[in-house]
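So that we are looking at the same thing, I have put the structure below in structure tokens.
A, B, C and D label the chains in the order they appear, each numbered from 1.
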Amino acid sequence: MKKYTQTSGEIGDFSQLPIWQKYALVDLLYVAYGLLIVALVLVSYVLGMFNLLPHDPQQINIELLMASPLSDGYLLGTDFLGRDILSRLIMGIQAYFLPGLLAISISLIVGVVLGVLSGYRGGRIETVIVYFTNLIDSFPRLVLILLVIAAFKPDIYYIMIVMGITGIPTVTTAIANKIRFLAQKSFIEAAIALGLRTRVIIMKHILWYNCRALLIIQATLGMGEAILLETSLSYLGFGVQEPVSSWGNMVQSGANYFLQGNFWPSTAPALAILFTILGFNLLGDGLNNILEDRRGR
Amino acid sequence: MLKELALAFLLLLGVSFIVFAILYAAPGDQLNVLLEGQLPTPEVRAGVREALGVAQSWYGQYFSWLLGVLSGNFGTSIRTGLPVGPELLSVSLNTLYLTLGSMLVTLLIAIPIALYASARGHLVSISWPLTMLGYVISALPVFWLGYIAIYISIHWFNFFPLASLGRQSDVNGWLYTFVPVMVLGLGSGTISEVIRNLREEMTRVMAEDYVRTARAKGASVWRHAFKEGLLIPVTEIIAAKIPFILGGAVIVEQVFNWPGMGRMAWQAAQDRDFSVIMGIALIAATFVRLGSLLQRTICAAVNPQHARE
Amino acid sequence: MPKTILEVSQLSKHFSRHRSMFSALQRNRRAEIIPAVDNVSFYLRENETMGLVGESGCGKTTIGRTILRLTKPTSGKVIFDGRDITHLSDQELRPLRKDMQLIFQDLDAGLNPKMRVQSILSEAVSVYERLSDAEIKVKTRMLLDQVNLKYSKLSSYPSELSGGEKRRVGIARVLAVGAKLIVADEPTSALDVSIQAHMVNLLRELQKQLGLSYLFISHDLQVVELMSHKVAVMYLGKIVEMGLTEHVASAARHPYTYILW
Amino acid sequence: MTAAITPPLLKIDNLRTYFYARSKHSFVRAVDGVSLEVGHSETVGVVGESGSGKSIAAMSVMGLISAGPGVIGGSIKFASHRVQKNLLEGLDKFVKVEEQHGRVMVVHKDDSGWQNASERIMGSLRGKEIAMIFQNPRASLNPYITVGEQLTEAIRLHTANKSPKESTERALYWLERVKIDSPRLRFDSYPSAMSGGMCQRAMIAMALSSEPSLLIADEPTTGLDATIQSKIVDLMEELKSETGISTLLISHDISVISRLADRVAVMYGGAVVEYGSAQLVLGEDASIKHPYTAALLASVPSEQKIRDKDNLQTIDGDVLDTINVPPGCRFFARCNQVTPEIKEKCATHHPDLREIAPGHQVRCWRFNG
């Protein structure tokens, strides 16, 4: 049985409702969780940058191999070399954070420019851009990255540039489709007819009011993808090399002890990856629903 | 349809050019190595060099390489010293099995969930955990999932699911295929997207006027919503996800020792074995384009409007 | 004799649909069928309304868009206020848009769903002149008075408005820049009868007050008859009959007009 | 028209269909106490402006409401010579409404339970006993299936013509009957290849091909060109006299209603405000009408007004807020016929639909004295 209630008073202006009535609870929870994760990642990144860690992440402790969590001042236990897992996790953020941001910026900036050109201008430029996006979409991302690794070197920044480029088509297509949708509803024409400058139409009406939700989602999804990509490459042996830690090589090296039943050294970073990516994805989802005013699901 | 074919060809041309450009920009004289790899004997090699002139222009190099590729000559692997072509063929077939199987797994799981969620409409309580589960699985590293699968099969079912072993034993041979396929199908990260996409499409189509007409005339709603709400989005998402799944295959093949393209690419990247990795990039792109071509064909077949266009 | 504000001579607009190999790239793009316009001529005086009637797909809307140079004509001339605007660039057109405006058929056109009525109107008011906040406030209120809309609607989002209110905001937005010529593309077609009556009265009232000229595009003959001084009947991109409204309505010559009326 | 002994074909009684408003804590009272009858071989027109609830009422009859809470009260009795049923049978088992001063405050509804029950009732009726046509005919036909296949589907589902050959013949017969030219050609074409008018003819053919007892036509001419509109009305007029099918005709277009309907119900704010024979309700005499009907008719441009270029008569005031419905007469705020004597009552009490002459009911305090 569901319950629908009617408050006796006027409902009045929707925008003046308190935030928890305005939006679906799930969305608010998603966003809250996502923001928590983002904050944690940011704080850990800064901590790692200044080396403010509970233990030295590379300090080997033969006495305490594979310690379980909460033992002897090791909050998350130790790995197969007795190194502090928590410190290594915090340090591991260094491996993907800046490169991930780079990849996201490339996809967003280039994607937005191409998307606006293709959606707003149309014509021949659009054809060229659509060809370009289709071309990039033809490559499996990982194969392209392996190709670049073979040709150049396994550098995380090279890899993230490739990731940024392969992320362009999604953004471009989404923006172009949005613009086309707006054009279909006479929205853009009305702005032109009013005499607004092209710059104002694109920056204010198209990008700011109508595409910000989309861009936020792409950014959060991009971060998630960057993490997974770093993990995959570390697994393949092209990422950050031991003894420097990254989440990927932690899962990978820990996995060697997996079959002996020592799950934790591999599971801890895997869970970190899971919760972080979940956080980014849910943040994007929740924000989208809130910004697009799509209630419930 | 001819247009689509021509377009696919044009895109593959572009793909080959990008691959070439990357190698051209790469440090070292890799291209010459590559071109020479295409030629069987030193004598011919020398002859060609003379004929073309040593300091070839870049487009000259591109075209001679492209001609070689088009005639099935992908060059020689520096690791094995053998021509790449035949091995690529067998390896890509292996990958094809893996990817097709995993797609099937993805769809078999995603479609019922998506349909259930869309049929239930606003009953959040049921579809929510399923959606969440999809998110969780997508957010896990594939290889970690692979390790869990291996652990489970060893400790619970008492067998070691490495593909190389599967060839030797006839008993339960299919299991050796089954585990990697399951892992890729579940873990490639596509499931949650497929669910979300299908659910949205189905919900949208269910609200279409013509579905309402179908209800009003007492006909089966599913029958009427099937083409636009399920068939087309499924083919679309499969086509769009092929590159993604191929990428995931690289990892899964590594975990399970599956003799496929991904493993070969990994090996080649380590050895900087250009002819191999180029061949793989080209074949992977061909798979992607073929998938997209197939999708367009199905779309045109069910949608008479587009076909006539 | 009032002066001629708009003169259209032998205006044609054809659409060629390129079908290159690359058109296969354009996914999700519905084939748009844009009706063509063929050799259309007419003029419009100040303070006058010309009705343009015809069935959907006959090219009425295309004429409106071409006159305002939202699309470039294939051939012919558009002279607005004594100036040939047929070949002006977008830059040159911008200052002219102050004087010629379009009311869209789509009620939501120009109403950014994420902006309140207040910001929609203040944006329109300050397109051509830099105004202080106080001036903007005075002017937006004046606009609301002109279109009979309550001040309380200023804080609403477009989605909170009824159809009639949206239309009023749309008209206010057009008045905000101080247009002399207004092309009204089916301004009443999406509205209920009683609200349609409001709009007809409002548009006529505004014409009296502000001396506006209208090109009134509609498929609703009664409304056109009520609004317009003269009327042109379109069929498949051509004007088949044109004249004073009373004459066309009561004694149609062209068989199509006869069927239509 | 309707004999007192045999029950009417369709009898809607106090139907209430609500939706949640944006904040989920309040309701849009889309249909709020509608009572209506359609007799055998009779066309009842429902006229009203957008938001009056006329389409929602029709959809409620068909059981096509999917948003919640949806139908929350009333009864819909259907009685053809084949079937007698209450279409809302057992609704009260799934819905509990808490009211306060005649206002619905809380609704408890087992959505899926009612959905299932409703599907069970309607399953045997939809298409077979009650058929429906919609506005926007091009979107209402399945773009992926040929027109012929959509027609034969309906025929095979609901009539004795089960074999492909029979059903095809029958479909062609109906395509001819609705005057689609070259029916054989159209049989194999997809809706996208047909004009809006042609699609509506196909829709009508599809609805009638299963020989239903009741046809619900929801804005059948809206969105079509003026010349096509009148042709569709011509067709419906013809089919009405030939087949004698009972029709519930929903339209905002008074001219369409006046051409087709025997009786007319005028809806405002989710309720019927006037109900009676077409001549009386749509006639000239404003004194025996609900003020809303009178004002609505006056706002249509008349020939006289057009000739004189007169201002049109308008209905002042805001459109009714169907979320915060005022306590008194719903038209009170816009009414121009409130006299000092009844003002008090108008503002505080919702009038009943009362018979002011045989077969003519009006919901207004002016006639309740």
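Going forward, contacts are C-beta pairs under 8 Å (C-beta built on N, C-alpha and C of every residue); 3 or more make two chains touch, one makes a residue touch a chain.
Everything quoted here is computed from the prediction, not taken from an experiment.
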Pair of chains joined by the greatest number of C-beta pairs in contact: A-B
Chain whose Cα centroid lies nearest the overall Cα centroid: A
Chain centre separation (chain A, chain D; CA means) in Å: 50
Rounded Å distance, chain C centre to chain D centre (Cα mean): 34
Chain D, residues touching no fewer than two other chains: 68, 111
Sites on chain C at which at least two other chains make contact: 22, 25
Residue list for chain A, restricted to those that touch at least two other chains: 14, 131, 134
Chain D - residues contacting chain C, complex: 49-51, 225-227, 252, 254, 295-296, 299-301, 305-306, 309, 311-315, 318-319
Interfacial residue positions of chain A with respect to chain B in the complex: 26, 131, 134-135, 137-144, 146-152, 224, 228, 231-232, 235-238, 248, 251-252, 255, 258-259, 266-267, 270, 273-274, 277-278, 281-282, 296-297
Chain D - residues contacting chain B, complex: 62, 64, 66, 68, 111-112, 123, 125-128, 131-132, 134, 136, 139-145, 153-154, 157-158, 190, 192, 203, 206-207, 210
Chain A - residues contacting chain C, complex: 13-15, 126-127, 130-131, 134, 177, 180, 185-187, 189-198, 205, 209-210
Chain A-facing residues of chain C, complex: 20, 22, 25-26, 28-29, 65, 68, 70, 90, 94-95, 97-98, 101-102, 104-106, 108-110, 112, 114-115, 123-124, 127-128, 155-157, 160, 173-174, 177
